[in-house]
Structure formats: C-alpha cells, structure tokens
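The letters A, B, C, D, E and F name the chains in turn, as written, and every chain counts its residues from 1.
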Amino acid sequence: MIASVMMSDLSWDEYQRRIADEDAIVLLPVGAVEQHGYHLPLGTDWMMATYMARRAAENVGGVVAAPITYGYRSQIRTGGGPHRGGTTNLDGLTLINLVKDVLKELVRHGARKLAVIDGHFENRFYLDEACFLAVRELEYAGITDAKILKMIYAEDIKPETLETIYAGKTYPGLDLEHGGILETAMMLYCHPDHVDMSKIPDEDLPKFPPYDLFPVDPDWVPASGGLSSGKGSTVEMGRLLVEEFVDLVSTSLSKEFR
Amino acid sequence: MIASVMMSDLSWDEYQRRIADEDAIVLLPVGAVEQHGYHLPLGTDWMMATYMARRAAENVGGVVAAPITYGYRSQIRTGGGPHRGGTTNLDGLTLINLVKDVLKELVRHGARKLAVIDGHFENRFYLDEACFLAVRELEYAGITDAKILKMIYAEDIKPETLETIYAGKTYPGLDLEHGGILETAMMLYCHPDHVDMSKIPDEDLPKFPPYDLFPVDPDWVPASGGLSSGKGSTVEMGRLLVEEFVDLVSTSLSKEFR
Amino acid sequence: MIASVMMSDLSWDEYQRRIADEDAIVLLPVGAVEQHGYHLPLGTDWMMATYMARRAAENVGGVVAAPITYGYRSQIRTGGGPHRGGTTNLDGLTLINLVKDVLKELVRHGARKLAVIDGHFENRFYLDEACFLAVRELEYAGITDAKILKMIYAEDIKPETLETIYAGKTYPGLDLEHGGILETAMMLYCHPDHVDMSKIPDEDLPKFPPYDLFPVDPDWVPASGGLSSGKGSTVEMGRLLVEEFVDLVSTSLSKEFR
Amino acid sequence: MIASVMMSDLSWDEYQRRIADEDAIVLLPVGAVEQHGYHLPLGTDWMMATYMARRAAENVGGVVAAPITYGYRSQIRTGGGPHRGGTTNLDGLTLINLVKDVLKELVRHGARKLAVIDGHFENRFYLDEACFLAVRELEYAGITDAKILKMIYAEDIKPETLETIYAGKTYPGLDLEHGGILETAMMLYCHPDHVDMSKIPDEDLPKFPPYDLFPVDPDWVPASGGLSSGKGSTVEMGRLLVEEFVDLVSTSLSKEFR
Amino acid sequence: MIASVMMSDLSWDEYQRRIADEDAIVLLPVGAVEQHGYHLPLGTDWMMATYMARRAAENVGGVVAAPITYGYRSQIRTGGGPHRGGTTNLDGLTLINLVKDVLKELVRHGARKLAVIDGHFENRFYLDEACFLAVRELEYAGITDAKILKMIYAEDIKPETLETIYAGKTYPGLDLEHGGILETAMMLYCHPDHVDMSKIPDEDLPKFPPYDLFPVDPDWVPASGGLSSGKGSTVEMGRLLVEEFVDLVSTSLSKEFR
Amino acid sequence: MIASVMMSDLSWDEYQRRIADEDAIVLLPVGAVEQHGYHLPLGTDWMMATYMARRAAENVGGVVAAPITYGYRSQIRTGGGPHRGGTTNLDGLTLINLVKDVLKELVRHGARKLAVIDGHFENRFYLDEACFLAVRELEYAGITDAKILKMIYAEDIKPETLETIYAGKTYPGLDLEHGGILETAMMLYCHPDHVDMSKIPDEDLPKFPPYDLFPVDPDWVPASGGLSSGKGSTVEMGRLLVEEFVDLVSTSLSKEFR
C-alpha cells in the first residue's frame, strides 16, 4: 500500500503498529463546509485543517485520522452566518458528540497522545467541550493517561508575518479573516486549483455592531460572503503563512508529546 | 410592591402589562459562578451581567428576567480553567437548553424584543446556539416575529478608555482580563463591599501556549486564579468602564428595538 | 468583603476554606419564576427557597450556592398551569441536567454534605432524578462519599400551626396553597415590600377534577392565577410559618450532617 | 379473532375502524415493575393500570394500547426506593420519551381522544411532561385538536370508602399505600392468584423524615419492602375500591370526551 | 401465587431467589405494535417474542422480564412502513434508552446471564446499541461480569423446514415474511384465537426497489399491509416452526450460559 | 477552479447555481473507518461510498456533499466487531444527528432531491432514522417537498455477476463480505494503490452462531479481521462489480428524480 500518514490509507495492523511501536501522535482535523466567498471552495476549512494535520504528522511522527468535514454553525461576524447558501451547519451537540466519540475510540486503539487540529473558528468552544467530555468518560472507564492537545492551527501569527503580508494595511483580525488575504493566500499555496482570484469582488467591508441578532440580518454580510477581501494574496504569502503554521503546530506537538 | 425593572419583583399582571402596554424589551442576564482571584467574589460574572441588564433596562424601557447564575465551563486561557475550586461549570448542552427554554417562554409571554446580556466569556458560542435553537423552535410553533439581541456587555471598549486605564501599560486583551484591572475596577464601582484590594497577590502573569490541553495542566495558572493583576484599579476607572458599557448596551438595544 | 454565607459573595479561597476547615454544608436553593396571583411577585418561589437556605446555612454552618431561579413546568392543579403569563417553565430534562451539573461541581470542590432546598412543588421528582443521576455519575468517577439531602422546605407543617393560621377554615392542602395564606404570610414576613395585599381579588376557589388535561383548559384557574386566597394573611402568621420551616430545614440538616 | 378492547388483539383495520367509526378513546396504561412486598407480584402496578384501562374502555367505548410495563424510578418514601431487588427503574428521560412517542403515534393513527392511566405514583410528573411534549410536537406538525386526559386511577377515594376499609384505623395516605390494604385488596379482587396473604409479615411501619437522601438509606424501609401492611385486606374491600376507581376513570373520560 | 417464569408474576423475593439460588437467566422480550395485515393482530411481534422467551425460560431455567411492547420504527421493505395505521413507532433513541435502562436494572438485581429476545426485525441494530451501551455503563459502575445474548428468535431456519413449508414455492426471505406464511402459521399454533384466515386477501406481492425513500411512497405496500401472503398456513406448520425456534433459542442460551 | 462534482471543491455560488439551474441531486456518502483485514485500508467504506456517489453524480447531474467518514459501531457478524483496533465507532445517536443535520442543511440550500449513499452495512437503520427525522423536522419548518433516496450501493447484485465472480464457490452473503472478494476486487479497481494482495492470510472462515454477545467474544473473528477471504480478487472482477453498482445507483436516482 502507499506510504501515508493518513489513517484511512493504512490497514488496521499498520495503524496499530505505528501507535504501539512508534508512539504515534494521532491528529484529528476538524473543519467545516462553509461559504468562503466566490473565489474559494466550500471545503476550505476542512481541507486546510487536514493539510496542516498531515504536514505536522509528517514532522512529528503522527497519524491523521479521517477528517471531520462538517463543523459548528457559522456565525455572522466570524463566518458570514448560518443562513448562507452552501454553509452546512451542525448543531453544537452533534459536533460535540462526533468529536468526543472519535477521540474516545482513538484512545481505545491505544493512542495516548492526541491532537485536534481546528480549521474553523466557530468550532472552538465545541471542541473544548468534546475534549473535556472525552476525558471525563475515559476516566469513567478507568483510562486516565490520555492527553489531548487542541488548537486552531492559526492561533498565533507572528507580528512580522502580518506586517509582511498586510504591508501597511490594517489586519482585520482573525475573526474577519474569512475569505480574506490569509485564507486566500494559504489556499493558493496548498490548493492552487481551488482558487479563482478573478472572482474576488470589489465590496465594502462589513462593519459589524458589537452584538449578534437572531435571526440574523442578512444585510450585515457582503453579497460574496467574504468578510474581508482576498485581493492581493499571493502564493508567496501563502507559503510564508502555511510554513509558519505548520511549524507552530509541529512545535506545539513536540513540546507536549516529544 | 416596590418599583422595579426586575421581572422577579413584579406580579405577573404587571409584567404582562409592561410587555403589552410599554413594549418592554426583556433582558436575560447570563453569568457564571467562577473563581476571580482572591479579591473578587465567585458571583462576579452573574452579578455584573445582572447589573448591566438592570441599568440598560432602566434606560431603554426593559424588564430583566431572573439571572442565569451558572455558565459554561471555564477555560484555562480565559477563565482559569474548569478544575479550579469554586468554579462551577455547566456542561454545554445544559446551558444551551436552559437559555433556550427561558427565551422561548419569554416569547410565549408576548415579548418580541429580547436581549441576552453575557457576563462570562466562555458562554459566547453556547449562547449563540441557545438563541439560534430558540428561534428555530419558535418557528416550528409558528412564531417568526421575535428578535433576540445577544452581546457580551464588554464587547467593545473605546481605545481612549483603555489608554486612560492602562496608562502606558499593555492591555492584555479581554481574554486575559480575568480578575484583572477592568473587572476589579467595575466591581469596586458597582459592588464595593465585594472587593478586597488587599488580597491581590504579586504574581507573574501566565504565558499561555497557543493551544489547550485536556486534561488541563494546573500549573499554567497562577495560584490566585487571576490571569492578570487587578492592582491599581480604582472606583473612578470602574465608573468610566461601567458607564461606557451601560451606554454600549443601551445604545445597542435602542438601535435595534427603539 | 462582606460577611456572608452566600457562595456568590465569597472569594474562591474563602469558599474552599469553609468546606475544608468548617466542614460546611453546601445548600442549593431551587425555585421557579411563576405567577403567584396579583399580589405576589413572580420570583416568590426562588426568593423563598433562597431565604430558607440562607437561614438554615446560618444555623448549621453552611454555604448557599447561587440559586437556581427557574424551575420545572407549572402544573395547573398545583401552580396554575404552564400557560400563564409570566410563568417561565423549564423542560424537565433541562432542570435535571442543570441541578445535576451543579451538584457534581460542588462535590468536585470538596463538599460531601449537600442539600437541595426546593421552593416549587413541581420540582419534586425532577430534583429526585437530578440527585440520583449526580450520585450515579459521581460513582462513575470513583466518588462515593457524597450525600445529598433534598427537601421541600415546607414538607411538613405542624397541625397546631395550621390550626392557628386557618382558625376554623379548611386547609386546602399544600398543592392548592399557591398564592394562598401560607405563601402570602411568609412573603409578608420575609419580603414585605414584595406583597400588595390590596390586589388580592375575591374569587371562587377552583374545583379541580381528579385528572389533568393536555393542553390545559385555562378556565380551570381563576383569573388571578391564585389557587386559594391570600386574604387574611399577616406578618405574624408568616413569622410562625417561616420560623417553623427554618427550624425544620435546620433540624433535618443537623440530623443527617452534624 | 377474539372480541377485545385491547389494541394488541386487534388487526390494524379493525383498530382504525374503531377510531374512525366509533370515535374510540385510546387509553394508554402506564405502570411499573416494582417490589410490592412479599405477597404481591412485581407486575402489580402495570397489571392494575391495564385492568383499569380495560374496564374503563369497555364502559366508554375505548381501545387500550399495549401497556407500558416499566415506570419511573421508585422513590423511597412512596415505593420503597430504587435500590430494592426486582424494582426496575427507568430514567426519567426514558419514560418521558417512551410515552411521548406512543402518544404521538396514536394521534397519527387518527385518535383525538386519548387517556393515560397511571398505576405508579412516581410516574406522575414524568407523564405530565410526556403529555405536554407530545402536544407541543404535534403542534409543530400542525395537529392541534388532540386532547389527552391523564390520571392516577386512584387519584380520588371517597371518604366513606376509606372509612369502610380502614374502620377505625388511620389511612396512611396514598403515598404509603405501597403494598398496603388498598393495593392488596384490589389485587385480591382482580388477580387473586397473584396474591399470597400468608406472606405478609409483621413489621413496624416506616417513619419517614420530611426529606430524601441520595444515595438512599436502605434502613428506612422494612425488609419486606411494603410501606404499610396489607393484612386484613379482603376481596370485598377490593371490589369496593376497584369498582369505585373504574367508575372514577369512566366518569372522567365521559365528562371530557362523551 | 401461581407458578410462573414471568417476572411480573413473582414477588420480589422469589425473583431474587431464582437469580441467587437457581442462577436464573433473565430474558427480555422486545417486540412491536405493528400492522400485520388484516388477519393478524397488532401485537403479533411482542406476543411472539414473549412466547419464545417464556418457552425458552422454561427449558433453561430462566425468568422473563416484562415485555417491551413497542419497537423501532417499521421500515417499508421489512414491516410495511412507519406510516401505516396501527403501527406504533418508537424513535431509535427511545428504544435504545428503554432497553438499556432495563438491562442495567436487571444486572443491578444480580442477574449476570441475560438475553434479549427480539421479535421485530427493525429492532436489530437498536438492540445492539442498547446492549453495548448497557455494558459500557455497567463498566463505568465497576460491573464487568454481566453477559448479554441477543437474538432474533427466528434468526436461523433449517433449509428442510423451509422446504416443508414452502413446498416448491419460493421463500421470500425473512424480510418479506411480514404477515406471511411463517408468522401466520406460528400465530395459528401459539395464539389461534388471534388469527382470522378468512381475512387474508388476494394481493400482488410488492416488488421493492433496492433503496428506500423518505418520506415513504405508500403505494409500495399492498393495501392489507402484508408483504407476502399468509394463505396456506396451517397449525402444523406453526408447530414445526415454533418448536424449531424454541429449540434454537434454548440451545443458544444453554451453549453460552449452561 | 477545477471542474468537479464535489461540493467541497465548489464555491458557494457555483454550488447554488447547480441546484437552482441544473436541478442537481445532492448525494451524501456515508462510510466508516473500520478494519478491513490486513490488505485493505481503514478508509475502505467511506472511500468506496464517495467513489460511488461521485460516479453516480457524474451520470445523473449531481453534487456530492463532503463525505461522512465515520459510521455506526461495527458489529461482530457483519464487520468484525467494535472492539477491533482501528475500527472507529460512532454511537448510534451521534450518527443519526450528524446525518440529520447535514440533510436538513442541504435542503435549506434549496436541494429537494437528495440521496444518501451508504458504504457500511451497520449504518443501515441509523440512516433510516436520520432520514426520517430530517423529514419530520423539515416538516416542522414547513418544508414538505424534499425527497431523500437512501441505499447501500451494493444493495442488489445480479446473480450472473455473483456466478462469474464466485465461479463455483459459495457466495457468503453481503454480511460476511467484509474484506472479502467483492470489496477487495472493487478496491483493486478503484484504489489499486490501497490494496496489498500479499497480505491476505490463510484463515478459517468464521462460523457465527445465530446470536450476538455483549461484550463480544473476540475469538469469533479471525486474527486478520476479515470475515471472508479476498484471495482471488482481480481488477476485472472489481470493474464488473463497480460498474454494476454505479449503474444501480445511477438508475435508482434517475428513476426517482429524472
């Protein structure tokens, strides 16, 4: 069979061997199916989370579990909102149980070093709950030596990187970086055939009030669904960002597990 | 009976009258019972959320529902973690259902203008889910004209306010402002008999890595539980902040509902 | 900080100290937001439960956790029904999970002597379930030495007290004592500024059939929502009742825990 | 096929015919599998509930759905407690969902007149919730003309009947009538081959405090599990009680549905 | 009391004695209330499951718990579909929790040899889940020596039996044997007064496509609801089948438990 | 962007256009991460389900939603059991909610023609429930014109195909075809670099009794985890099967939707 760090590509005995003999870290990528403007694909979040998990697994000796492709409900001020076409929202409880079940199973397989790699901002607290509940239920079953690291792969960006990329323009913050320069650049680097720069529109940036409304007011979000513009993104920016994040994830894993 | 904007203080007919005749906005404060260092009480979050809801209700013609005193599980990098003594964590599903049930009932009473005032950072996405599900289930019952505004009362702070308060020091960000200057100052102003400035320790600020661990590593958090120091807080700072936030909440409500 | 038995008023270290050093009983008041006729406030149940918990805590060395202000769905023959304005009903599952979560957390804090003080008749079996499930899940986590006492604070009334208060009239039973003489008298004693005796109407008492209907028939309940009349209540009656119940709760706690 | 009012005995078309042509009331008996002392069988509650439903159905033109044989968790002061051998407790949520699902299906079949006949005291509030939720979800599906009557078949006992039966002795109340004179007499009348009078022990009656403990203290309950003695029960007493209750249920159904 | 293997007929102490002294296997029959054509009753599945459990219990030393009369949602290609009159469907979660709760209680009573006897095809995977979850939660409580055998009583049919019964005609498979020759014959043998052979219609057999549709298309199923014809069934065929299945269940139990 | 029928590859507006302008069928592949012997990868089920969905989508004008990679708990007699290394089991409720949420969202996007393509036998009844509940909740929201087709892609195999492939040997049935000739051949054809024929062991086929045990007895399953042997599989057999199944799925979709 092909050489791979992807659990789905491995036979069960090879997977078990990596845990038993190589003390493999098992990484679970969690993303979303969510609109990312006209120029990026709906799968951006889970594709990027899977990419990061794979690269980090290659760096630190890991296996990447099958990605969780759907994520928590998009919020209007961070992902354009749950009402958008294509955006495919899970209820919070569904995501919690899904991630919890998978984590518990990975531990049953023998893994004790686990990581959840998040590619969708709104997943954040739901992944916290999933990890917490997995640990609690494992404890019920007498297993207390499993350790789960959870992170948004882009949790931290070096100021100098932002400076290079934004070059005088204002960084809108990770929240608003939905379909914006960072995501666009990273996709250009990792999945160039999934980006169509020509489709980025000229739109006014949304100005969100300091609250949310339910039901959402669709007028808060530009027609494209992007919360900031991806214009000006380049493969080179993508390389800079992606390699920094691969390093961030790998270093985090190494620090806790190696 | 006493004059009051608190729903719990009103007879049911008076409460109904305010909705029917005065088009009252019904505000639901949601907080937490969570450690806030040695110098602030466990009830800080729900007390402050209730305070803000009351002040805003007085400004905009509202009624404040009984506060939800318990909140979502404290996270280590924003509230010191779920493992701390005194911190009393609800499961995510519990909080979602609790807030959802109450919101649906308020709508059944006739309220169509509702607000959820959040005083605990970790509640954020769980309140989003509660509001979303309330709207969805109300829709099942044929009610589509209710509108819920949800906000962290401190969602937005004016740069000049931060400058005045931090005066040269670095603002650690709202995440780390747990038991810090802002919260301490606000409590000094609103609940002075619940603050003991003499108990603020000299501690190194925590330096969190860009990830979470499950189970948590207790060593990440200073002994007091505070994530930044409340030293230097004054009643005057508290007044500045509180009045700004009361204004922020009131203005937000007015903009959407008046 | 102020001297207090209320957990919300204490810093976490002081709260922990009371459990560790003073073997404090931790009491959780559970009430409801429910119509109580024209003359009593919507918060009657949770205010009275909190009052009783506080008084008992002062007597027996206890700490009172933040009250659970919302309760189980009002039933027509005991609380006027779920359909009434102002009555704010939780689903049964919501209340079970809420109380269960809080109880488990109090045990995590180190408390082993716990009490649930119920001020709302309909909570009864749901609190049983919450306590049972808390014990079961604590047992899963290996904790088997926690003990929870659960009671309606007015579970038992001395015949002579009833005789004094009803003085020749028939006691309608605790079920129908909704907004009636007992509750009115107790509120006059504990929260006099929350009672308006002038608003008690002349109404025929409801005569309930020996069954319930779903959906409810609103005509079963008098317009005011009271199931018996509060007329004739006095502060003195309130004193008699309240002190008896404070004694009942305190004695119960002492018998099991001291 | 045999003549029957039991839904399980009917072919589907005959069942449908009774609803469509005879406007049949559909009755759902709910009982429990619970210890009832040495002299009564574990199935007492569901057998008696089914008996009552059948007799009433014959009186008022009804069909009896398959009985729900398991009930809510036995409580120590009303059923001897959940810890007893043979007592088979459902979680509250399980019973709620079970009864709710069945009720919704009966309505889908075309029934609009429904009755839940309860033979187990602890089911009370859980059946309330089940009925309420069934109505709520039916409303979501656009069905608003179904009506559910819910009653404990022994909800009301004529004072003269109690006088005849207790003849000078004190009636302990329905709560404590667990395995006592009433239940024993009724079983002697309805299911004589399921009673062994010789096995009733001489035991002191329990004296319960005005609270519950979790976990329960097994010493609160006599060894037999009965909360009062069935001694002195006769078939004649059973006849008196059973016919009164059959009449109570039938009259209640007629009043609401005929 | 009557001699019986039915748990509902036994006093609690006799039931406990059989487990403790006779090492009784406790069998839980699970059926359904589901249309079975014009000629068989709605209770066919739970009546047959209970029959099989009773016969096997008599053979191997068992006690039969109160039957679970309702089952999982009927599917169109195996039971005629959930939309049929009289068919009374539980949600999957409801059935899982119901069976799980009962199994856990039986184990709490001391039983360590348990069997779930399934009489309704659609229950299959839901009973798997219930058994799995019961074992998992018992493990949380430290109980690891309970063993549950689960089977459809008709899981296996000897080819020679099919040959005898179908005598040249094609066996449609267990899936389509809904209201067909096998079930009809068995009911003729076990419950002859519940069969009306004269009501079996002449209908074309359904030809199902290799998929399901949601919502179902009612035209897929013949008017009677039967998926194959019961014509030609005889008591003798019933005897052959029933005794073979009684033997299959008994032998299976003996192999694992005796 | 690349030409694709995969929803994750499309921008949201292109996806919406296909539904609106091309009346696209939206297909949701559901698989599992499950051991498939030494010679096939853990992702076999979701990879094959996704393959089938993609091929059918290309044939009938469809879009393939992001695959659900995890499935319901493996059963010992159909998938080798939940206890095996690498097999990653979801709880039944988790899978139900996951598929239900996604289906409802696809309908919200405007899709009215949906298909669930199942590649894992144990998912069967859980997918039924998910589809049923999705339809029910959509009906609550007033949407009644969505239609979901659900099938196991290998639901039907032509006798002549089996004859060709098994050529004199006995077809073990789809249940036991776990890691056997069919799956191996199909993977050789679709994902040749994921098969290692040299790793297929010589093992005795399992002989399962007509029941299940909980907990499972690991000895029931051969060491490799395969329930029948993949030996003798060829690419050509794979082609025969895969093209037949692609045709089966495509024809089914066309029949209902085109």
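The rule we apply is simple: contacts are C-beta pairs under 8 Å (C-beta built on N, C-alpha and C of every residue); 3 or more make two chains touch, one makes a residue touch a chain.
On a predicted model such as this, the values are computed, not experimentally measured, just so you know.
Trainee: Which chains, if any, touch subunit B and subunit C both?
Mentor: Per touch definition, common to subunit B and subunit C: A, D.
Trainee: Would you kindly tell me how far, in whole Å, the mean C-alpha position of subunit F lies from that of subunit D?
Mentor: Distance between chain centres: 47 Å.
Trainee: So what's the Cα centroid distance for subunit C and subunit D, whole Å?
Mentor: Centre separation, subunit C to subunit D: 29 Å.
Trainee: Among all residues of subunit F, which ones touch two or more of the remaining chains?
Mentor: 91, 93, 140
Trainee: Determine which chains touch and list them pairwise.
Mentor: Chain pairs that touch: A-B, A-C, A-E, A-F, B-C, B-D, B-F, C-D, C-E, D-E, D-F, E-F.
Trainee: Note which residues of subunit F are touching subunit B in the complex, please.
Mentor: For this pair, the touching residues of subunit F are 140-141.
Trainee: Quick one: in the complex, what on subunit A touches subunit F?
Mentor: Subunit A residues touching subunit F: 1-2, 6-13, 15-16, 33, 35-43, 46-47, 65-70, 84-91, 93-94, 97-98, 101-102, 105-106, 109-110, 193-196, 199, 225.
Trainee: Which residues of subunit F touch subunit D in their complex?
Mentor: Result: residues 136, 139-140 of subunit F touch subunit D.
Trainee: Contact residues on subunit D for subunit C in the complex?
Mentor: 72-73, 75, 82, 91-93, 96, 122, 124-126, 128-129, 131-135, 147-151, 155-156, 209-215, 248, 252, 255-256
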